Each structure stands twice: as C-alpha cells, then as structure tokens.
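Below is the structure I would like to discuss, written out as structure tokens.
Chains: A, B, C and D, in written order; residue numbering restarts at 1 for each.
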C-alpha cells in the first residue's frame, strides 16, 4: 500500500473570519484524498456504493492543526493506509503547503464497511480485497 | 398562506476571510426557513420524502446581498409562498439583522416536486395540497 | 465550570448522499456549542476577538461517530471544559439525539489563545480568567 | 475578455441526502471559477485583497438548476465576464458534466469593488483595469 499524494487549492469559501481555513474543512480534504487514493489503486468508490451497496463510514477522526492554511494556498495531502482488514480501514494524513513544504496538519481516520441500506458492519466484498491490501 | 418568520444565529463556520457571512450560506438559511415554514403549516418534509417519495427540488434561486451579516448576528428570515400549484412552489425571503431590523438580503426560490427515485416532475400528493394552499 | 447543553437541528445541507449527517459538520456543531457555552458563562467571544485581539484557535480535535444523525433530528450537545489554563482550553462533547437520548457522537477539542494579528500564543487576558475558571 | 473554462470534481461533502449536489455548492464552484479566471488574466485576487485593500463582493447571484450533478462527476465551468466597469463586474456561468457535456446549471453573478476595511464601494485601482477589460 504505497503512499499517495493529492492536492487541493484553498477555496475562499473554506476560510473564516480569522483569515485562515476553517478547521472542519480539513476533514473534507481528507475525504478528497481518500477518493483520489481509491482511484489510484484502481477502485471506484462510487461504483462500490451504487452496485455493491457498501459504504465506507467514518467512525473516528483526529486532526492536529499545526499551522494555518490560507486562501489560494495549494495543499499537498499525503495519505497512507496504515491498517486494512476486511472490516476496517485506517488512514494517516500529512498536509503541507505545496509552495514550501510547511506542515499544516496531521490526521488519522478510521472507517468501517457498512451495508448502505441498514448501516450494519459488513465485510469488504472479496473482489475488492486485493486492491485494498487485505491479507 | 401567511408570512412566517424563523431565526438563525450566524455560525463562525459561516464567515469568510472578508469578516462577513460567505454568500452561499444564505441559501442554506433559506432552506432552514422552508423547513420551519413546512413545520408551521403542519407538514413534515422528512415524512413526505421518506414515505411518499416526493422531493422538493430547487430549480432556481436569486439572492440580492444588501448588507453584510456577521458572526453571532441573529438573523430574522421572513418567508412567504408567493406561488403554489400542484407542480411548483415559489418563495420570497426577506432577511434582517434581528437586533435592529437592518435588511441584509432578499431572495426568491422556485421549486418543483420530483419523484425521489427518478427525479421526474410529479404532482404534489392530493393530501398535502390544502396545507400548501394549492387551489 | 458546570456542564452546559445546547441544541441544533440538522439542516438538509448537512446531510450527504449516505442519507446521514456528513461527518465534518459535527465540528461545526461543536463550535456552536462553544459559542453558546461562552455566552452562558457571561463571555462574548465576538467582543474578545474584536476588542482584545485574542482568538481561540482549534489545535486538535477528535471525534468518535457512534450512530448517524439524520435530517431534521434535534441534537442535544453537552459541552464541558475539562481543562482551562491561561494558555489553553480543552472541551469534551457528548451529542445525543434529543428525541430519545441516543448517543451519536463524543468528541474532544483543544484550543490555544492566539493574538489575532500574528497568530502567536498569548495568555488569556486577566479580566476573562475568572469566567473561564482559570486558577 | 475571452471565455475561460475551469473544472471541479464533485466532493462527497457536496452531496445531500437526495443523492445529488446540494444547490448552495454551485455558488462555491462559481467562486472557484472566478479565482481561476483571475489567475488566467494574470491577476492575483489574494494580492489585491491584501495589498490594495480591495475586495470583490458578491451583490447578486442567480442560479438555474437544470440537471443534478452527482458525487465524483467532473464539472466543466465556463465563465465569461459580461460587464466590466471600474465599479462593477458581471459574470455568466455555464456548468456541464465533463463526461458528456450535459448542461447542469447556468448562472450569473454581479460584484462590486469595496474597500476591505469599511465595505464602501470604490473604483477598481487603475493598474488592474486593463486586465479586467475596463474601457
């Protein structure tokens, strides 16, 4: 499971009156990174949700805000799957200002596979396990 | 169809680096006003969506920003249904700072009734028409 | 520092295509709870930011999502300051569906006092310390 | 003032429980398009706000929602300045699903130049007028 990097550019909408990015938006960027990571490993998240009825639900997230990001900054998000079983998935994130590598945020998230209709924990369908590095 | 007023308090998350409310958030407040208006006329929007499979989709919106709203301001939103047929619904909104009545935004929105599954225009179910003032 | 409870009603805008509240929005609610908590202890956050040039920045947040919140649910947020010094402030949150007490999320956040202009750590102004329970 | 096209990919956070993009998010994309348009004409919005103390405030916006955008869709936004004077700026937007050109939204926005500190209408600084096509 190699590390993967994706980029977002800070939107005006994402700033607050402190003049920096509002802290909840980092969670949205983490989701953008997860979706891009899925695409990178050859996996279409939208497809799994629509066809297999499996959703990847966030069950825990921790964010440490180290330095403020600002409007129009380009942010490089490195994402790494640090645990991957048929039941759960954990990611670690490292967000840096692309212009100078300044570290702005580190984070982790934990996810469970749930059935889309009843929100019950299920196992990742067999066909996806290799891509997700499940042993 | 009497006018109805609801209130929201500006969240920090809703401000941007200009120090005022980011303009897209007024559309969210308009939706809060519509849901409260529905409750006021004895109609449960969540129920209609879940049980009848009818969604009220926004098809057009116009907003005029007159004066900036700021963090922690209480905003009084007056909402009035200005057209209501079995196919569509139009609202007019007037938003004022509650503390002094300063007008901050006027807006209109137009909505169509759609089937939840196929997003096709449908007619408002008979049982809801009286509450919605459909003649 | 007594516990305090505030309430929010889930907005349509806060849901995602899973049919539940998008997880980043809980951080916005936590901020609503903090602002209401400040008001409760007789402290005007907006004033401190504007007049004293002090901002309360989020430096770390952890959220555990236990059960999904849905559109139009009323959410009761209990907030408690679990550490309060002249340099930092920590909160614990417990969010429940108001209708039946179902626990949906627990969270913690840590904050530093920063100067508004240079984003440097500063001490909470003397005049606010009693209200914040700083010994 | 040539037309310009920019692209966004729909984020999960931007969907709602209808399974489509929440309508307020189109205004955020319009802002992304304006910022990219500024960059294209060799103009740094962040710079003007920070150095010249001029903000470009939204004073009116109209959106017509033609077809729903969905999670992970790539959206092509064409933006065109349809009026540009030293006092105001008007844009027209055309948003299409990139995969097949399906039109999803058309919109217009009107903006005034304001002083950042007092929010009073001012004229666009002389040095920017050529780039903005002001005659």
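The rule is simple: a residue touches a chain if its C-beta (ideal position, glycine included) is under 8 Å from a C-beta of that chain, and two chains touch if they have at least 3 such contacts.
Everything numeric in this text was worked out from a predicted model, so none of it was measured.
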{"item": "Result of counting contacting C-beta pairs for C-D and A-C, higher pair", "value": "A-C"}
{"item": "Greatest separation from chain D - chain, by CA centre", "value": "C"}
{"item": "Cα-centroid distance, chain A relative to chain D, in whole angstrom", "value": "27"}
{"item": "CA centroid of chain A to CA centroid of chain C, Å", "value": "24"}
{"item": "Distance between chain centroids, defined by C-alpha means - chain C, chain D (Å)", "value": "32"}
{"item": "Shared interface positions of chain D, touching two or more other chains", "value": "12-13, 17-18, 20, 24, 28, 31, 71"}
{"item": "Of all residues in chain A, those that touch chain C in their complex", "value": "18, 20, 23-25, 27-28, 31, 49, 55, 57-65, 68, 116, 119"}
{"item": "Residue ranges of chain C touching chain D (in the complex, touch as defined)", "value": "12-13, 15-20, 22, 24, 71"}
{"item": "Touch list for chain D against partner chain A, complex", "value": "11-13, 28, 31-32, 35, 45-46, 70-72"}
